[in-house]
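One chain, chain A, links the two complexes that follow: it is found with chain B in the first and with chain C in the second.
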Partner chain A sequence: MPRLARSEWYDLARDMNWKVSYVDESEAWPDELSTGKGIPMEDWWGWDESYKVSYREYVHNQVGKDAAVYSVNSVLARSKMFSQLDPGWKSAILAHYGAIAVGEYLASIGESRMGRFGRAAAWRNMAMFGTLDEIRHGQIQTYFPYGLLDREPRADWAHKTFHTNEWGAIAARHLFDDMFTANDAVSTAIQLTFTFETGFTNLQFLGMAADAMEVGDIDFGSLISSIQTDEARHSQQGEPTIKILIEHGHKEYAQKLIDHMFWRSWHVFALLTGLSMDYYTPLEHRSHSFKEFMDEWIVKQFLDQFRDFGLEPSWYWPEFLKETNWYHHALHLGVWFWRPTVWWNPDGGVSPAEREWLEEKYPGWNDSFGKYWDVIGQNVRNGKPELTLPETFPMVCNMCQIPLCNPAGFAAGYLDSPAPLIHDHGGRRYTFCSKPCRWVFEQNPSRFQGHMSIIDRFLAGQIQPATIPGALAYMGLSPEEMGQDATDCSWAFANGTILKKGA
Partner chain B sequence: MIMAPFPVQGITEGDFVVVLVPVDTEDPMTAVAEKIAYHAVNRRVPEDDRPMAVRHNGRVLAGDATVIDAGVAPLDVLEVVYP
Partner chain C sequence: MTTSERRRAKTWSLLGDVRRKVTPYEAVTAKFHYHFRRDPAPFELDPEMPLNTWYLRHRENSPFQVDDWEGFRDPFKLTYKDYVSLQHERELYLDGLVDQHEATEAAAGLDAGWVDTLRQLFVPLRFPLHGLQMISLYVGQMAPSSFITNPASFQAADEMRRIQRIAYWTKVLGNAHGDDLATTAAARDAWVGGAEWQPLRETVEQLLIAYDWGEAFTALNLAVKPALDSLIDWQLGELASRNGDAFLSLLFAEFQHDARRSRKWSAALVDYALRRDQELSGVLTGWLDTWVPRAQAATEGLAPLFGTAPVSMPATGVVDAVRSQLAEVRATCGL
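Now for the complex of A and B:
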């Protein structure tokens, strides 16, 4: 290790800033790749991260992390641990790997863009560590499921998902392209590292790691904990970037970037984590509800951060808080009903005991959501699986790409209308699930207007044959890969009725 | 009279989701209601003996009005209600 303490040389070694003279600053840092808002370059040089690390320390730390995590994986690969996990939990991690692994790898593009077009040497230095982090996360979250293939062939969706047109993959790509793959460095620092990572994934990974250990999935728990330690470091690129924008009078711009990405992150977060926490995690291992997690970790943290920076809670905050009561319940119902369209086995998770838990955590759940499951459960028990499967498609939002569940929010008393928002623009009809999704579109229509949702593609004749089987093939789902109920609908027979197959 | 496939966004009263429903331009609203409700009633919403009607932009349409007569545009939202 170095003979000098890090503090004695760190600032000197990292501050490789100089004023360019052979090219214009606008050529070296074009606005398209690094929106500087006209802030003088020297003022960016005060950018200072709170978590400091040298390259030598970084490598030393990462080697240790990898050695630990891969050792755990190597030992457990020879055990029966995965086979003995709860079916609902297996669904949670299959969904996670598919939605996240390649997305992490794509995040290395955003990090490396900051590594080149960040407006201070300290920032570029941190972003290069972030690049290496994200490459690691992409690789490790592809390797672990690769080791599961002999027990769960659909673990290959860790790599496959982003290369398909499965609807969740389209939603994830649309979000991640907006957030980092096709974003400028300044916006990426605020939208990826501050809003998404500090706000959501850092905490999600902590929560999932705790849940994994609770259900006995030591493999996934150690993996996710290890990733979280990287996230905690590189997610701090956002704060110094926001500070500089605010100091130079661009508070409104920073606020808009946060508002935009907070809402978009929330919707995908609800889809992935909401279902896992409230329906897929075995009841006896649930330490909190999704709403409790949101209130304690996401909502509180964001309000603290808004206050710290002199920012305001987003204009849609009341609508967001309402959604934490109902949105993910509706998504769960939709994912379960359209289960052939996903690569994991959705766990109904609505046995009498689970419904009791849901009612306790979400007073009124039985009246607002249990009533749908009553009809579905009756069809299961009556041996009518065809009535528990779709014969058409849900409409999806042209921003978040997630099915329009407005009627559920209306039926539960949280929305004024069951209808989605129609928006005609440039001779084309767009449908949005919410005012914030429409607002994001309206802020920059040219960025979004060309994208076709899976329903737009269907109506344009791009999906042939134009049938449910045709659409499933378009999504890359073979019959063996399509989701089924994780426990063969045992939740519908939890009162002792004999289990019937086929749902 | 030429019937042509016509996509609408359908909502059945009491259901949780908006669905894509292909109707025909010459379908009367009674048929449109049946086509939309088919995807929700007895699947997630209990059967209801009351007559169904179609609401468009806040207005309940006559049962014999066709899609074209009623001025419905492609991908308009049609709600099946029990008035």
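Now for the complex of A and C:
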């Protein structure tokens, strides 16, 4: 062990700040890659991270973490563990791998952007570790499903999702490109690390890790717990960045960046985590409802962090709180109904016992969402699976790229109108699912205006043939990969009768 | 539930119908950059938004293009796991080296003349090396394939490794020979104002704004970094050895491993590109014609400091040695 404590020398490894003079500062830190809001460069140099680590500590720590996680995987890969997992849980992890694995790798690009265009050496160093961390997360989360390919061909989506035009893939790309792959360094620190990682990935990783251990999926549980320990370190890049913006009178700007990405993250996490927690995870292993996790991790803990900076909950907070009661239930209905359009097998998850749990966690669920499932269940029991499958497509939001489910929110009593929000801009009509999605667009239309949602592409004739099979092919889903109910609709049969294949 | 029933997959479908099972390195590296040459724009936002136009301009429209970058393989085939494991071992070695020289109070035993040389030539190094770290990360974020992004990112981490060992030893020197050595001013004043450092600073700053990804890679990995590595890891290591500073001599010898790894993957990338398109030789040579003289000017600025050490090395010898390594890098690349 070297004699000097890290604290004795560490400042000398993060003071490499100087005023460039052979080139223009604005060329070396162009605004589009590092929006500095005109704050003098020297004022960024006080950027100070709270969680410090040296390179030698990093490699010494990480080698042990990797060894632990890979050895668990190596042992379990030879076992029957995966094949014995609950089918709904398998769907949850296949959805996770597809949406998250390559996305995390791409976060290394956002980290590298901060590592180059961050405005202080201390920040760039933290982003250096972040770059390595995200390469780790991309690689480890593809390595595990890679080992499942011979048992679960849908594990292929851990690798290919981001190369496809499957609607969830478009939504994930649109979110992640906005957040980090195509974002400037300052905004990335606030939107990726503070908003998304401090807030939402806690939800996905801690929540899912707890559920994984309950379910007995030690492989996945150890994987994402290990990832979370890295996130906890590199996610701290947002706080010092916010502090500097606020100190220089840009509180409103910081607030706007957070509000923008908080809302977008919420929608994708409602889709991914909401469905996994409340419908796909086996009932006996659910530690909390999605809403309880939201209340604990987001509404309470993350809000405290906002307030530490003198920031306030966004203008849309009441709408957000309302949505935690209904939005993911509506999405679940939609995803299940349009199940051929996803790469996992959605688990209806509405057996009598599960409905009882849903009613307890979400009072009124039976009267609002349960009544749709009554009809679906009846069709299933009557041997009419075709009535539970789509004949057309829903509108998709021009911001979150997620299908609109406003009518379900309206019918459940949470929205004033079932109609989408229409917005005309630059001679084009845009459709949004919510005021906050429209607001994000309005804040910076040039960032989004030329993008076409999958439905825009369909209507513009870019998807041929313009039929459901044509659109499914455009999404990259082979008939074998299209989602089916995870349990052959066993939830619909109180007596346990299994539906014929094909539902 | 039935999972899909197509035949058992050997590998990712995006890797095509390969008969062999791909290596774990390939399985976790191939085809991660979905955004390269994507239509209508790299990123899933307005096609004209700033980062889309930036990537189109500096990556898709770089003169450094081949039909397919996915065929490139880092000769070391490093995954994150392998990189961390490799450097964990090397850092254990350095921990031992530091222990050994702290136990013998090696720093306190250095003579004042040599400490003065270190003040001028060693202490400021963390500034240019941080520049190299930043530029490696730029190459990584712009590279068209993860097979290139990853070694560039690991290379950036290697720079941080070197910087932190230098920073640590700077503090040790400060404790033994005067706190002023271990201050920001002791490094930054020389870096920003010292005449010997200005050609290097000018080169590093110019390299910060070489935004074409091919030019950034070429300038960094085939000119500026090998020149600086040669100057530090080889020449300064040799100077330390001659002046009885065994620790620094061994420390810099250790960093030669990292430098060689950078040169090998860089040469492999050039070889890969030239095998696909021999015409690229002209593109790379054009960039080297700009950047090698700049790298050499940087060396020439610092070389005289080698002549002022208690046991000196002539500046011309240092410059020639660096020039010879740069020539070797070019020759290895066939440029």
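Worth a mention:
Keep in mind that, in the parts below, the second predicted complex is superposed on the first by the 493 of 503 C-alpha atoms of A that agree within 3 Å, B and C clash if a C-alpha of one lies under 4 Å from a C-alpha of the other, contacts with A are read in each partner's own complex, and residues count from 1 in each chain.
Criterion: a residue touches a chain if its C-beta (ideal position, glycine included) is under 8 Å from a C-beta of that chain, and two chains touch if they have at least 3 such contacts.
Owing to the predicted nature of the structure, the values given are computational and were not obtained by experimental measurement.
Partners chain B and chain C, once the complexes are superposed on chain A, both fit on it without clashing. Looking at the shared chain after the overlay, A:Ala419 reaches chain B, while chain C stays out of its contact range.
Seen from the CA centre of chain A, chain B and chain C lie at an angle of 140° in the overlaid model, rounded to the nearest 10. In the superposed model, A:Thr388 lies in contact with chain B only, and not with chain C. When both complexes are overlaid on chain A, the residue A:Ala411 reaches chain B alone and has no touch with chain C.
In the superposed model, A:Phe337 lies in contact with chain B only, and not with chain C.
When chain A is checked against chain B and against chain C, the one touching more of its residues turns out to be C. In the superposition on chain A, A:Glu284 makes contact with neither chain B nor chain C. Our summary of the superposed model lists a minimum C-alpha distance of 21 Å between chain B and chain C.
Common to the chain B and chain C interfaces on chain A is no residue. Those residues of chain B whose C-beta lies close enough to touch chain A in the complex are 7, 9, 11, 14-21, 38-39, 42-46, 73-77, 79. Only residues 1-6, 8-14, 24, 27-29, 31-32, 34-35, 42-52, 54-55, 79-81, 83-85, 87-88, 91-92, 94-95, 98-99, 102, 126-127, 130, 133-135, 137-138, 140-141, 146, 149-150, 153-154, 156-157, 160-161, 163-164, 167-168, 170-172, 182, 184, 187-188, 191-192, 201-202, 205-206, 208-209 of chain C touch chain A when the two sit together in their complex. Put simply, chain A touches chain C in their complex at residues 1-4, 8-13, 15-23, 27-28, 32-33, 54-56, 59-60, 62-63, 66, 70, 87, 102, 105-106, 108-109, 112-113, 115-116, 121, 124-125, 127-128, 131-132, 135-136, 138-140, 142-143, 146, 149-150, 152-154, 156, 159-160, 162-163, 170, 173-174, 177-178, 181-184, 345, 446-451, 478, 480-481, 484-488, 501.
The residues of chain A lying in touch with chain B in their complex are 330, 333-334, 337, 369, 371-372, 374-376, 379, 387-388, 390-395, 403-408, 411, 418-420, 422, 429, 431, 455, 458-459.
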